[in-house]
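Heads up, the next two complexes both have subunit A, just with different partners, subunit B and then subunit C.
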Partner chain A sequence: MFCEKAMELIRELHRAPEGQLPAFNEDGLRQVLEEMKALYEQNQSDVNEAKSGGRSDLIPTIKFRHCSLLRNRRCTVAYLYDRLLRIRALRWEYGSVLPNALRFHMAAEEMEWFNNYKRSLATYMRSLGGDEGLDITQDMKPPKSLYIEAGCSGAISAQPATSTSQVHLNCNLHLPGSSDSPASASQVAGITGPVSKRLWRI
Partner chain B sequence: MTEEVDFLGQDSDGGSEEVVLTPAELIERLEQAWMNEKFAPELLESKPEIVECVMEQLEHMEENLRRAKREDLKVSIHQMEMERIRYVLSSYLRCRLMKIEKFFPHVLEKEKTRPEGEPSSLSPEELAFAREFMANTESYLKNVALKHMPPNLQKVDLFRAVPKPDLDSYVFLRVRERQENILVEPDTDEQR
Partner chain C sequence: MSEAYFRVESGALGPEENFLSLDDILMSHEKLPVRTETAMPRLGAFFLERSAGAETDNAVPQGSKLELPLWLAKGLFDNKRRILSVELPKIYQEGWRTVFSADPNVVDLHKMGPHFYGFGSQLLHFDSPENADISQSLLQTFIGRFRRIMDSSQNAYNEDTSALVARLDEMERGLFQTGQKGLNDFQCWEKGQASQITASNLVQNYKKRKFTDMED
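Then we have the complex of A and B:
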């Protein structure tokens, strides 16, 4: 049946999980284009016959082939466009330099598209004011909150801690930035002495 | 925003209108624009003056931090503040870029057919980016597939092929000031 190969391309992408880029199916694409060429040529000859020989019974077949051609084109463009979207996502995830494994899955033209996209994005980011602009591919997550949880590492004093009690933190406090993991906050704070476990406003 | 940090040129101007904002008001405006952009299905009006002013403030803050003495706590707090602002600004710009990429033919068409007095939904840099994106994608599709196809099928109308933003999707809105006599018609959608 017509358009089977085109549907196979779509199914292949549909099966691949979000964010993954399967290898470029050059063979599949070539077969779809060949089918389209064959359909078109058949239609051309039939159209000539219908016109000159008065063969109006060929018209339904012509229409059917034309629909198949449109479908093939639609599936092909959808396949290519979806791949572009996945490749675009790679820029935001991996940065400007892609891992080799992914590069092998890309066609040469896709690589070219990727490089053009990278360049376009870089120009835009540089234009955002200041000397170097703003790299909006960083700061993908909101920074940690100002409050950190402090854990008890020493003995707990018998007095109940009130919310207004003063705590003397005799240590170097390093507030977590966006790149630090939450687990390190309590280690880094290195709070010693009797404190109770609660949220501290630093 | 703390008052301890010395701002050079404290008031930021809103371009041609010469609106004088305190830094706190500027950040509030940024956050408002950010939330609106996130919740709206289509690309909203561009706010280049807010972006510019916020970038300026970030630069000032960075400079002040560099000049400040090594008091760990203060410096850390200000640094966190900077990171927060930078996150909001980045997120806002990312959201806009994502919409531009998603609806690129419609965004460009809207810009082309925009009447004279209406403010643009694209900053000049965003417009350049959108145009490059369109040219890049079109030439890619042509080279990989379309030029090998039968002659009558080689043109793909991206304006028809790429879906439009769904303006009928639901949005959340919050009333900021008390209003009397509101008429909510079924076919107007209010986004502010």
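Then we have the complex of A and C:
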């Protein structure tokens, strides 16, 4: 039966535990492409024979081979696509520099794809968050707690205020990441005294 | 957490398989019995016991009973049944359907063909007169088995689950794993590990494998 080698490729990838990238099976892929070439040539000659020699009984055979060609194509494309999905995951799990052993598992074209992906991602990240950009591959877990750290950047005059007025502050808002300690929040907001009673209306 | 790897999901339970899904490719490789309605020349090499021999151009004769993979049967099938006609595999026929309706929980669906639901759903393409009964049977079987799968996946924490999944088909195993993941994530949160920085699963598993490579 045709397409056995293609199924081997698929099974090899399916067996690899969640997300792991096995070595690129160049040999297997080459055999699949050779089988496709042989099928195509046999079909070509049979089509000519069917047309010129009046052998319309060859049509089921031609269809048979055609289905096998389509199947081989599907297996090949799915194999390559699933590998790219795994390689994309590597950027998010490992960062932009991959360990050597993993790089040996990738074909040259896959390495090129990875570099292009890295570049697209970097360009996008640079476009976020104003001038400095934002590294969205960090801090993938939500913050431990929803404190807001607020720091004062300007001086506040100590004029007596009526009970209804509000004092406006220039504040930098900063959400602590999942690894920051909660003690820093109160240090940053180190304003004490009578001003603080009316101040925290932001 | 290799959460960054999103594989293509199976579409076998819907109207069409997903072209790029590895699960669907594996499912459609399973075989079903067919009967040829016309001779197929030059393919005798694959079916040596059926082949008519060199005189008839090494053909597979008309009326042979073969076992072909689903993908091939789908490709060669048409409404007029010019090339082949498809028979239902035993487990989708009347006899087994009665067994499933009696008690779906005792059946070993993994042995019956590891893609029972997916394969059964795609079988409906062949316009059998029993299609309505087959689809009902698939649905009722799943409804009967689902409760146990959900319960066991939500309560088996940190145990060996091989006995629980041994008789499940592939789709049910996927469900079981989703349930386990939910349970593990919840336990992780309860223990307060959710806010700790841990090495990603992908990185850890990769390092484990590297050890065994060095031992070779």
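Criterion: the second predicted complex is superposed on the first by the 144 of 202 C-alpha atoms of A that agree within 3 Å, B and C clash if a C-alpha of one lies under 4 Å from a C-alpha of the other, contacts with A are read in each partner's own complex, and residues count from 1 in each chain.
Rule of thumb we're sticking to: contacts are C-beta pairs under 8 Å (C-beta built on N, C-alpha and C of every residue); 3 or more make two chains touch, one makes a residue touch a chain.
What you are looking at is a predicted structure, and each value in this text was computed from that prediction instead of being measured.
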| item | value |
| --- | --- |
| Clash or fit (per the criteria above) of subunit B with subunit C on subunit A | fit |
| Partner chain in contact with A:117 - subunit B first, subunit C second, else both or neither | first |
| First (subunit B), second (subunit C), both or neither touched by A:67 | second |
| First, second, both or neither for A:127, with subunit B first and subunit C second | first |
| First, second, both or neither for A:106, with subunit B first and subunit C second | neither |
| Touching partner for A:88 - first (subunit B), second (subunit C), both, neither | both |
| Contacts of A:150 with subunit B and subunit C, given as first, second, both or neither | neither |
| Touching partner for A:40 - first (subunit B), second (subunit C), both, neither | first |
| Partner chain in contact with A:76 - subunit B first, subunit C second, else both or neither | first |
| Subunit B versus subunit C - smallest C-alpha distance in the overlay, whole Å | 5 |
| Common interface residues of subunit A - those touching subunit B in one complex and subunit C in the other | 70, 77, 81, 88, 141, 178 |
| For the subunit C and subunit A complex, residues of the former touching the latter | 2, 4-8, 19-23, 25-26, 29, 38-43, 46, 69, 71-72, 75-76, 82-83, 194-195, 197, 200-203, 205-206, 209-210 |
| Subunit B-touching residues of subunit A, taken from the complex the two chains share | 29, 33, 36-37, 40, 69-70, 73, 76-77, 80-81, 84, 88, 107, 109-110, 112-113, 116-117, 120-121, 123-124, 127-130, 134, 136, 138-143, 146, 172-175, 177-178, 202 |
| Of subunit B, residues touching subunit A in the complex | 51-52, 55-56, 58-59, 72-73, 76-77, 79-80, 83-84, 86-87, 89-91, 93-94, 97, 101, 125-126, 128-129, 132-133, 136-137, 140-141, 143-146, 148-150, 153, 156, 161 |
| Subunit C contact footprint on subunit A (complex, rising order) | 1, 7, 10-11, 13-14, 17-20, 46, 57-58, 60-61, 63-64, 66-68, 70-71, 74-75, 77-78, 81-82, 85-86, 88-94, 99, 101-102, 141, 144, 178-179 |
